[in-house]
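For reference, chains read A, B, C and D in written order, and residue numbers begin at 1 within each chain.
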Amino acid sequence: MSRREHLLEVRNLEVVYPARGGTVQAVRDVSFTVDEGESTGIVGESGSGKSTIARAALGLVELPGRIVGGEVLWRGRSLRNKKYARQVRGPEISVVSQDPMASMSPILTIGTQMTEVMVRHLDLGKKEAVVRAGDLLEKVGIPDPGRRLGQYPFEFSGGMQQRVVIAIALSCDPKMLIADEPTTALDVTTQAQILDLISSLRRDLGLSLLLITHDLGVVAGACDLLNVLYAGEIVESGTADELFYRPHHPYTAALLGSTPRLDVKAERLTAIEGQPPDLRQVVAGCSFAPRCPYATGRCESSPTLGTSSAGRACACWHPLDSHQGNLTGSEGRLGHA
Amino acid sequence: MPSALLEVEGLTVTFNVGREGFWGQRRRRLTAVDDISFSIKRGETFGLVGESGSGKTTTGRAILGKVPIASGRVRFAGRDITGMEGKERRSIRQNMQLIPQNPYGSLNPRMKVRDLVAEPLVVHQRFPSARRATERVVELLELTGMNPDDLYKYPHAFSGGQRQRIVIARALALNPDLIIADEPVSALDVSIQAQVVNLLQDLQRRLDLTYIFIAHDLAVVRHISHRIGIMYAGKLVEVANGEDVYRTPIHPYTEALLSSVPIPDPRIERDRAAKVIPGEPPDPMQPPPGCRFHARCPLVQKRCIEEAPPLEVKKPEHQAACWLR
Amino acid sequence: MSSARPTGNRDRSRRAAGWAIRILRDPAALFGILVLLLLVAAALFASTIAPLDPNKQDLGARLLPPFYAEGGSSEHVLGTDQLGRDVFSRIIHGTRISLTIPLVSVTLAGIFGTAVGLLSGYSGGRADTVIMRIVDTLFSFPGLLLALTILAVVGPSFWTLAIVLSLRIWMVFARLTRGLVLSAREAEYVEAAELVGASPTRIMMRHIAPNLTAPLLTLAVLESAHVILSEAALSFLGLGIQPPQTSWGLDVAIGRQYVFSAPWLIIFPGIAIAVAVLGINLLASWLRVAADPEESAKRFAAAADAPTGWSE
Amino acid sequence: MGRYLLKRLSQAVLVVISVMVVVFVVTRLIGDPVAVMLPLEATEENRAILEAQLGLDRPILVQLGHYIVDAVQLDLGDSLWQRRPAIDIVLERLPPTIVLVVAGFVLGVLLGVVIGVVSSLRPGGWVDRAAVTLGLLGVSLPQFWIGLMFIVFFSVGLGWFPTSGSGGIEFLVLPAVVLALPIVGRIALVTRSSMIDEMNAQHVKDAVARGVSRTRIVLVHALKGAGIATLTIAGWELIGALAGGAVVVETVYAWPGIGFTAMQAIERHDIILVQAVVFVVAIMVVTINIIVDITYAMLDPRVKLDRAR
């Protein structure tokens, strides 16, 4: 492992929150890094803990949730230090979340919401901030920024709102953008526009991206590195190509198999039977084992996220290399690399 | 095979959205669905695709009689059901059921699974009470892959996928011919979504069901549908067999829509060029003249701005509304 | 994901037990329940509990101070008034008025208001607009002042008081009921029931009505507290309960003339009002939270057993 | 905006007229004004004279018509007690009431908002619990009783303030505080609960994540939103203080405002004067309602006045 300093490093993160009938182990021993200019994806279904990770990466875990173990480091310093986290949020890390309408205050103008952070973190005067805000709106593709700055979020369409949210997120020139399901609330043509905008901004500004989504299609184009999350754990990580074309973990493979594709007509989707585990109970062994076709007695003890090949890790006792023909072969599309 | 199970002719739905003028004397109207026609054969799945505000959900609700129809006809099994109300409508509902989008909202949280699934049976007097219907309910639950032990649980005890199975069981209770599924899987996780899609396909085969499958997710629609209709801003712009729509789309909007869908394949995504079309759908309060898509269309010509193209047969079994192709 | 309600078939008894436990756990709610029970007991058994006849005058024992003060005795625990009547006994008997007035007004207003609200919410359209416009207009009436005027002209009595006090409350019930019906009608499961062919009656009874009971009950409790306060205020102003009936507000009004020499005449009836109202208010605010899982989630969000606020 | 105001004003006039009609109906049809006004020993002749003087011998609809037409011209008749135009008396006694109500209202809202905001910062903490208890006390204690208790403690016991009457600012303190108490309670409870809602709203969480300062989050993002919810309640409180609280508090402290006057008039069976008070208060109530609606539209950009209602 290189000792190069990572931009964001999440190390053995554990987050719990109390709920009726027990404590939910929302995030369990999660580690990953994001380096300068890198684009990392976290893919998971609902309840897998991905939004909690997004929040933790900002140094925020909302009450009554608690970080009970591990570290979140930004440039090597812990974001669990509240003061440091407050300095970093805005000028270093910023966020774009799912529902743009809900993400902005409905009763403050776009201008106010853009300039307030600049005035605080960039030491800009009100006037300079307004000029910069206008430039940013233009950059994210909003025409007539001068007039738009005085408007309220409800006066924008959904796609335009998400552009504004992106502009607000960029207002202090951050190093990394955390995008938590940034296109889930949008229509498909608008989604394409927003994904396009994010990737071109990334190129132009050298932004790092932590993209959190349930949509494999979205990460396929937007991310270099992927982490697959299941029941609060990262079960597999690696480059996008490796994960998509040669998934090792049965969950990753199953997820790909159950996603209908526009370009291929499959006779039948390979559904994953059963439900994710109830995280209020302690999960013994591999959390995917109850739904896994390859599970054996060995899976009753937890597999570790061992590194199987360079930069690639998979938490499974029976990684799919050994019986590739079973799943990927029969589907005839995972193996077409 | 008899002709069409469902025929929709010139369906138009308008909504009043507030009033204008000093005394509120003028109504503001929104045309949600504008003069659309299609027909569905028994046993097929008709996918209705469009972005939000395209009118696809309203179309489904108009067929079900949940929104008033401004003009046009809906014929079900040869019978005109336009504007049917009260008892008549209720009896038609035995043959026509809805699977709604939100599995969390569509089950009364105060009722047990048995009572929920039995409700249609009791309402239509197939059984005197939910208790007497228990056997049939068990049958239905088993049909949809639920455990009969769940009879006496409340909906909150179930996950989204299980709830959707309960909803499906309930929809099947009266042996309907037509099921209108309005975004039935879009609230579900991918792995669960696949379970429900497979279930719907199995049920169709076993029970000879006809589906209208309304969704925004083109990949799911392609997977499940035999024929597909594409809606844009209240208009039906293209109707064809599923494979034709995907392989040889005619309408530029269909093309744009297809190219906007991300494919879970990094290489395809990386190599893809120009997948973005500019702009957004028009304001439904002020639809543009001519073709609704003209402002975003790369091929737009003068005629498109002046005159709305009709939906016409361009190839066998393939209709589209475009002047240029 | 984390759900508040229990599962299974033995729900009902378990749910009742659950409510009991939740009341016991919350000191505020417990206080409220106890106050209410005490008040009801005092009202029902006033003659037994009260040591003396509240109207029995004893001019030889005028303005005696309470037991703790010099000159006080255990015979008149809370002292006597200017006519030598026992303050404690008067407070016990005052409970009757303080409870029956809200009972009568809230019942009257509740039934009428709920009926109007149901009509308005379910019929919708023009009828709804007209009814709600009327309610809006009536709501802008200067409440207490108008009540005073009516009472002054018509003459105060138990029934005029009860009716005047219910004049405002029915509108609150009407508005709440209408709102509840409207939002319940919007519920997807109501539409789902309509789509399987359920009749309007069934929809109303089976799917909409169950949503009304808890909030309406809470409102009734809350409004009772308001009525107790209003009755006391009107009686204090001399336009409520008239002698020889007793009421806490009336006692304060009488004691007012002796505020410097015999403050106990106002202190104790006032405390009675305050405790009664506070208890009922506590119960109402607990009910509101307990009956609404969303509300209870947000309240004391930092407390250990609360569900979370995050988005997944 | 102008169109909206016109519409609201016409509605307001309607409200005032219906208040007048209700009072009219109550006094002339249900009650017997002459009997109420005359002393017990009055003769049939006295009665006839008074009836003629009040115009009660005319058909009821004619009476109503005259009554409303006169009221529009601010002619509400002569007070029987003071033998001069009732409206003059009311207008004379109005300023003290306005002083009292404004003082109590401002005090109540300020304190209430501060307590509500502070307690919302740590829901469930001891500050919060104390504030909630305080708020519940504020809405549970009878005002007339607290008023008397204050006199007992602060005036008689400690001698800090005069017991009653009017004059300098020292006369205002106790009545204003008493008037403010329930306002503090309700405003605090409502502000607290809407602040908690706001603080849990996605846009506030995201503003934190984007680096907006905590102070700005609380005072701008959350409080502005919560303020909109509080505004409606504040409007009701102002109306309640004017049409209810003031009557009680003025009576307890012999504060020479319209509430006290109304009580005096009732004691003297001066129905004309009572009507005049109700009329003036009704006008103020509808005015407050309009002001609240306009403020609402100013605070919340989503509300468009012309489309409202």
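Quick note on the criterion: a residue touches a chain if its C-beta (ideal position, glycine included) is under 8 Å from a C-beta of that chain, and two chains touch if they have at least 3 such contacts.
Everything quoted here is computed from the prediction, not taken from an experiment.
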item: Which of A-D and A-B has more C-beta pairs touching across its chains; value: A-B
item: Chain located farthest away, centre of chain B as origin (C-alpha); value: D
item: Whole-Å gap between the CA centroids of chain A and chain D; value: 54
item: Euclidean distance of C-alpha centroids - chain A vs chain B, Å; value: 31
item: Between chain D and chain C, distance of the C-alpha-averaged centres to the nearest whole Å; value: 22
item: Approximate Å spacing (C-alpha centroids) for the pair chain B, chain C; value: 49
item: Chain D, residues touching no fewer than two other chains; value: 202
item: Shared-contact residues (touching 2 or more other chains) in chain A; value: 46, 55, 62, 97
item: Per-residue overlap in chain C, given as positions that touch at least 2 other chains; value: 3, 301-303, 309, 311
item: Sites on chain B touched by chain C in the complex; value: 64, 66, 90-91, 93-94, 97-98, 100, 102, 105-111, 119-120, 123-124, 152-154, 156-157, 167, 170-171, 173-174
item: Residues of chain D defined as touching chain C within the complex; value: 11, 14-15, 18-19, 22-23, 26-27, 30-31, 33, 36, 122-125, 136-137, 139-145, 148-149, 151-152, 156, 193, 196-197, 200, 202, 239-240, 242-244, 247-248, 251, 259, 262-263, 266-267, 269, 271, 274-275, 277-278, 281-282, 285-286, 289
item: Of chain C, residues touching chain D in the complex; value: 137, 140-146, 148-150, 152-155, 225, 229, 232-233, 236-239, 249, 252, 256, 259-260, 263, 266-267, 269-270, 273-274, 277-278, 281-282, 285, 298-303, 309, 311
item: Residues on chain C engaged by chain B in the complex (per definition of touch); value: 3, 5, 7-9, 11, 187-199, 202, 206-207, 210
item: Chain D contact footprint on chain A (complex, rising order); value: 55, 58, 60, 62, 86, 89-91, 94-95, 97, 99, 102-109, 113, 116-117, 120-121, 152, 154, 168-169, 171-172, 178
